[in-house]
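Okay, structure first, notes after.
Going by the order they are written in, the chains are A, B, C and D; count residues from 1 in each one.
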Amino acid sequence: MIPRYEHPAIAGIWSEKSKLEKWQEVELAVINARTWTHEVDAQIFSTIKSTLESNPADITWWKEEEKKTRHDLQAWVSERVRHLPIELRPYFHDGMTSYDTEETAFLMMLKESAGYVCEACGKMELALSTLAVKYRYCPMMGVTHGQHAEVQSFGKRCLTWYQEISTAKQKVSDAFSTLNKSRLSGAIGNYGGVNPTIEEQALGELGFRPFYGATQILPRQLFVPLASALATLVSVISKIAIDIRLGARSPRPIYQEPFGKNQTGSSAMPHKKNTILCEQLEGMERMALGFLMMIMQNIKTWEERAIEQSSVERIAWPDLFHVAMRSLTSCTKVIEGLRVYPDNMILDIVDSKGTWAAGEAKKFLRPYLAVFGVTTEDVYRIVQLASFNVFEPSVSARNIREMPPTSFEVIDDWVFKAVNDFGPSDWESIKQIIERGELEVADNLANTKEQVDEWNAALKKFFHFSSPALLEWQEIFLVKNRLEDEGTLFQKILGC
Amino acid sequence: MIPRYEHPAIAGIWSEKSKLEKWQEVELAVINARTWTHEVDAQIFSTIKSTLESNPADITWWKEEEKKTRHDLQAWVSERVRHLPIELRPYFHDGMTSYDTEETAFLMMLKESAGYVCEACGKMELALSTLAVKYRYCPMMGVTHGQHAEVQSFGKRCLTWYQEISTAKQKVSDAFSTLNKSRLSGAIGNYGGVNPTIEEQALGELGFRPFYGATQILPRQLFVPLASALATLVSVISKIAIDIRLGARSPRPIYQEPFGKNQTGSSAMPHKKNTILCEQLEGMERMALGFLMMIMQNIKTWEERAIEQSSVERIAWPDLFHVAMRSLTSCTKVIEGLRVYPDNMILDIVDSKGTWAAGEAKKFLRPYLAVFGVTTEDVYRIVQLASFNVFEPSVSARNIREMPPTSFEVIDDWVFKAVNDFGPSDWESIKQIIERGELEVADNLANTKEQVDEWNAALKKFFHFSSPALLEWQEIFLVKNRLEDEGTLFQKILGC
Amino acid sequence: MIPRYEHPAIAGIWSEKSKLEKWQEVELAVINARTWTHEVDAQIFSTIKSTLESNPADITWWKEEEKKTRHDLQAWVSERVRHLPIELRPYFHDGMTSYDTEETAFLMMLKESAGYVCEACGKMELALSTLAVKYRYCPMMGVTHGQHAEVQSFGKRCLTWYQEISTAKQKVSDAFSTLNKSRLSGAIGNYGGVNPTIEEQALGELGFRPFYGATQILPRQLFVPLASALATLVSVISKIAIDIRLGARSPRPIYQEPFGKNQTGSSAMPHKKNTILCEQLEGMERMALGFLMMIMQNIKTWEERAIEQSSVERIAWPDLFHVAMRSLTSCTKVIEGLRVYPDNMILDIVDSKGTWAAGEAKKFLRPYLAVFGVTTEDVYRIVQLASFNVFEPSVSARNIREMPPTSFEVIDDWVFKAVNDFGPSDWESIKQIIERGELEVADNLANTKEQVDEWNAALKKFFHFSSPALLEWQEIFLVKNRLEDEGTLFQKILGC
Amino acid sequence: MIPRYEHPAIAGIWSEKSKLEKWQEVELAVINARTWTHEVDAQIFSTIKSTLESNPADITWWKEEEKKTRHDLQAWVSERVRHLPIELRPYFHDGMTSYDTEETAFLMMLKESAGYVCEACGKMELALSTLAVKYRYCPMMGVTHGQHAEVQSFGKRCLTWYQEISTAKQKVSDAFSTLNKSRLSGAIGNYGGVNPTIEEQALGELGFRPFYGATQILPRQLFVPLASALATLVSVISKIAIDIRLGARSPRPIYQEPFGKNQTGSSAMPHKKNTILCEQLEGMERMALGFLMMIMQNIKTWEERAIEQSSVERIAWPDLFHVAMRSLTSCTKVIEGLRVYPDNMILDIVDSKGTWAAGEAKKFLRPYLAVFGVTTEDVYRIVQLASFNVFEPSVSARNIREMPPTSFEVIDDWVFKAVNDFGPSDWESIKQIIERGELEVADNLANTKEQVDEWNAALKKFFHFSSPALLEWQEIFLVKNRLEDEGTLFQKILGC
């Protein structure tokens, strides 16, 4: 994972250092297990353990050795045994094949990482339930197919998000149960080096039970439920992010991502409050799906094993965890800092013009109008017609619909007439604020009162004294001027 | 493909009947080629050709035979030769292996299907360029990150869609060039049965050149550019569909899908005009990606061949074509019938309050304000501040933001107060229309004037005479009553 | 799914007829639930139930109606109510939105299909455990990285397959638990039509509990564990299929797919026993991955719902089940009929020349040779060296390695010399059998003794009397003649 | 990408340093273009250019700034302009939006990376054509469905590999043509900041032409052909790798991966020469497919843009290039060092017992046997029967097939009897070599003659003097002892 999206705890777990420590834990557990069956003297075990623990692995030495042998675990065994007295060396990695050591260590890394994911899910659940409770009675339009449907509380929408996270978290946590078995059963899985008793004892010490019937490696299907649960979690977060993006749209956001006081919206467009965190969460989903595909394909290997899966697991697993953690922390931050606009939610209800009760209205009218000979089907059509009626455009709006402008020159007159005919009485704009020097301090920007006053003074002076500039300034707010270069596009693309 | 999404021309191309016809074309081309080298007498060829063409394959007979031999091409050869005089039978499929026949036939099916796709792309291009020209001067807000950005014409947005389709079409058409080579080079690709001269001659007749260096089959990578181009096309259409969905959202659609006069919006909500066609196009994209993945995996086979790819190709290819054709025809229908609302586009411009010229304003002010000692960075901050100022909520709106209601009982008072404080003067609703019997005929619904008059009469009578019903009716439009059952959700999910 | 790969039971479950029956079950359960709360009279329910059950849905009528309304469920409601007396019609689908009906019916179809998959898994487990027990003591070479590793029993390899299927089956079965919840909570999931009590009662009757916190639809993540488990199952079967393909390879198969007596191997090569069933299983895996990808993408929808997922679910789910059932039945057939060759397994052990005990040998020598000053590392190298020594090629073999032939002309002499120098004493071939007329009846081909005798007679006569033909026949078995046309390839590709 | 699989040139191109340099190139090209239209004085351009080029970007400073603004390009603009005199600052990034700069820089990184891929393809082509020419006349068995098919030269198999690489390389190279267009058309693509003339001039200088009809970003479909070509290339290499793995299998490899003298085969099994490089290439393919899926999903964005694609492109593109380069260099290394065993290829031909000419034999016999009344179909069956006859197992082999051993105790007797009955006369093994002290120096291991002599001496002494040890040693080579622990598996899994 590139540093930009890395989660430090995940990076730690999947570091070389952490991996070597876990390899050592496995090796020591096997030697320790052999003290129980008296294959190895307890004193020997404690000497090995203390010697190795006081001599952490030298990663540079190990890497050099690996270049020679092209085998990372063998190289590490060499690194380790060089710290031991010659007579104790044979006890280390005795009768084991590489994957006896690596497999369990790998499982430990997966479980540790998944633990962080569950914890982060918990934080997101808390943020969502807090929001749900706060807005339990705050009405908004429920939306299906992008259309205002029926009225609901915003708290209820938060609950549906909460249940998505909660369900996904449960699946991550269930996936643990598939990961509580490991193996130490040798090169082809029939106990060529370590016998079943030692396996059970050593794994038990590390928190695992034996999986019976492995080859040199555990079946790769055992890892699929975790990968699938993580990809599901990231997809679910992406769904929540889309709902936030949809609610944050111009011209009437019902909520918005938190926006830092010094944050820059866009290099060209200083007025933007972009939903960049939420959009990025969709990027995370695309990656999670890709990583899941990689891991799914690992199920297939040849006979008692081949090593196709190894490179994939070194890359896809940590990256999938980074993506999951990024999604969780980023979305939790958005939820915790979400700016909610109940006033705009009300305007949506107003604008839906009672259709939010259309279903109930239909149900109500049915028995009563039956008396007047109106059928059930007709009641449906009555309510539908009323709904069409309320949204019927005015005559002037309808005229505008049917007559789009036909040249650059007429655009602004057309707009002006339209606004006059059916638009709002007052057309407020940054044009007026700036040309009149009427800027005011804004809560969520870091400007001081003094600075704003100074700016206003400069603006007033400038526009007052420079009437040619004022004319030029007004040109800026002519729509036609903004569209002029589109001519190139029409000409290059359609030749007209 | 299930009948619901099937395209008839594609279904025809991929039918058993069509496949058998193409197999026969290949076999005949080989025999014909051998007449050129005098391996086969011209008379023999014409007898075989006319006999087979006047005896079309009996599909039932063939299917029965296949059950015995478990080999579809062999079974078909038996079906064919039974129509020939014994002495001519050895000339048919002579020295050929099954894939010599099947490969070229398969290529013919791919190319024929891709031809339909290109043609349908052309229709969509036409629909889009027509729309672009019509709305060339019609201004609307350009939108980035869901936020109003700068002003553009709707014609220009249509151009960006046009270029997406046009570029994708080009890629489908380019993919043909990768499909103009085939092979007849025998069981392991070194001309065990047909020699290079015959191969070149026979393929030439069918419109192909030889691919040198195949195994028993063509390298499967040759099919990837077409699959990738089709999946790209379907994805591009899904992008356009999303833009349409985003523009069709309540409360102020700038355009909408065509909607049939007798179409039913939703069984519960008669007022809905759902963007179901556009939403389905995203489903098509999900499938196209899946089919591409299937076809990509076919690149890999063992040595001179194995048959892993066969089942995948029988399913994924026709289905990918069905999905592509469905996407094209469905989206073209939407574009052709798109209802465009320039009036609402203008309201968007108004609501963006001049910020659509923020970039130009910044550029304009920079040199002038420099005179007053205002730096480039400060000009950015001035325009940003003006933009925040114009969107500053009113005091009453701000109060509502900060005080969501705290129980069911207070909801409607809170809404009522909010509307009074900062909302529109007139709160029109289906409630009034229905209770006053003021329904009017609507253009895009199939009701007659007489029917509507009758309804109005019934409604007036009912509400006039039944005051308890009126009270009950008014309850329907209390928001709190609509939220009541959400209590169950809070209780079941959060326990509160 | 195309008929070739269809499973009849799955096709039945996903037929239109079956879907409509399940829709009706859901509708009736809701009406019945309302009799418990006395919203509906018990008599009314039983009249509706008996009327509808004695008038099965007319699919043609329904399809016609759907064309008008473009809404499949609404059209079906119209089809159903036309059979009811007018006064009972309002009770049917009362207060429900389409997905209230469809969702639970869909879950019923999923669970029914998954039941078939589990049952088929059980059959495959039985086939595998039978094989495991039969060959419990039959030794073979374990293979890692395609290389002979250590010795194991064939029974043990069967156990590793058994555990793969058994683990995958468990996951399919676990996925049921995620599918035991449904919803009837209306257009946006806050009980607009059906209240929570009716929901619980009606779902209970259908075998489900309520999922709290849905929107208009259940969260699509609930379906992922089943899709993931099915794709895993199909992948696992593909892994077993690969092991079978690898064991069935020329020149020394240790097992082979069953082969029908009348089956045709290849149209060009009559001697082949191809592993076509196992190869097809890899095709199934490619498709399963693609279908999983489609279903994963369905997690994401807009707000209280949009309909992106619908088309995908209509196609990907039945097809995924067909693929899973095909994989299971096809692989079970292979396992049940597997031809096992312990004699060849022994030859493998012989050819591995004791290296199968190399690990144990190393372990054994370590303490003893320490006495002679041989270190642990050197013991490793001794055993490695011995292993290289046993596989050292003979001098003549080495000569051949270093001197590939340099023209067509010398090929056969070179081969002949090589065989003479280090090959088997007797070079048996179909050449001799055919030219001497020494065909014998074979167990797994359907030829009669009489027929074979006749053939032998014909062959003997022919080769005895026609010496020019004999010479020509011998040419066939010259290697160089088989390679001649490769010249074209070198020329066309490398220009040499 | 983790360091283990990183390609240094790719890492360089995608480093922060390289990206910032390319951003600067774009900015300078725009200013330069403005000198042509006299918007900017040539002197100003050269001062800006020289100042910035002599002050490379300070990455630490930039990163700090980005933390504040949360906008990487804006932060970099600040870093750059601080080096300029105040009066020149307005010229830098003037009128541009971030993606005007980033898009073209990104294209430059893609093209540079793809250049390396093409170059590496060229090396692989060379290695393959060299091998093809060397083994042009060296016969081997062609293999279809894992079965010996017809005879071909090994050179011809190399040609099929060569054509796969060559075709895939062509597609990578074709993808360039889709990448020769870029844009500088502002925040929504209608030239808000830079006009069409400047765009054309500036892009021309950077080697691009304008793409007309973009939004704020280029359509993401433009990147798909490259991603698809790269994934195809990696898949094609994986196909070649599988062919090598299949040829390298015990007991009779026809070729093997190069193996380093000090390389360690397996920690448990010192005798192994594992195909680890080739197996890893399949891992690469799994990843390439995943990265392609990520990039395909980027086609879809909202309206004039959203930023979903950004994180994906930062990760998936460099990783896809790393994977492609790793695949190419690793596979080229294998091809260049491939150890080819023509002797074993001959043994395969011998073992296929003339069936490699079965097709020709059939063709030959058909007309001649017709004279004796043998039909075409019967000739097929004759050759098939001959093929079955030559592979008929001996009676003793057949007995062994039907009677697998029934307990641990009888295993070795059973094996011994089998070998006696039908096996090779001499059962050579590492057992003999070691117990007799007959180790010999091996070419591809780094042991000296002296060391080997010493080892032999130690072995001889030990086995000569310790007869109990010899008995124990012989126990090691009893098969039953190797299978003993499998009892646990049967007991745990099947309970028997």
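Everything below uses one rule, namely that a contact is a pair of C-beta atoms (placed from the backbone, for glycine too) under 8 Å apart; a residue touches a chain by one contact, two chains touch by 3 or more.
Please read these numbers as outputs of a predicted model, since none were measured by experiment.
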item: C-D or B-C, whichever has more C-beta pairs in contact; value: C-D
item: Chain separated most widely from chain A, comparing mean CA positions; value: C
item: Interchain centroid distance [CA atoms averaged], chain B/chain C, Å; value: 31
item: Inter-centroid spacing, chain D versus chain C (mean Cα positions, whole Å); value: 26
item: Residues within chain D bordering two or more other chains; value: 95, 143-146, 149-150, 152, 156, 159, 162-163, 186-187, 190, 192-193, 212-213, 245-246, 266, 268-269, 274-276, 279, 289, 293, 297, 302, 306-307, 359-360, 482-483, 486, 489, 493
item: Overall pattern in which the protein chains touch one another (line/ring/star/complete/other); value: complete
item: Of all residues in chain D, those that touch chain B in their complex; value: 89-90, 94-95, 142-146, 149-150, 152, 156-157, 159-160, 162-164, 167-168, 171, 178, 186-190, 192-193, 211-216, 219, 221-222, 224-225, 228, 231-232, 235-236, 238-239, 242-243, 246, 285, 289, 292-293, 296-297, 299-307, 359-360, 363, 366-367, 376
item: Chain D residues within the chain A interface of the complex; value: 1-2, 4-5, 68-71, 73-74, 77, 93, 95-98, 186-187, 190-193, 195-196, 210, 212-213, 245, 260, 262-264, 266-269, 274-276, 279-280, 282-284, 286-287, 289-291, 293-294, 297-298, 302, 306-312, 314-316, 319, 482-483, 485-486, 488-489, 492-493
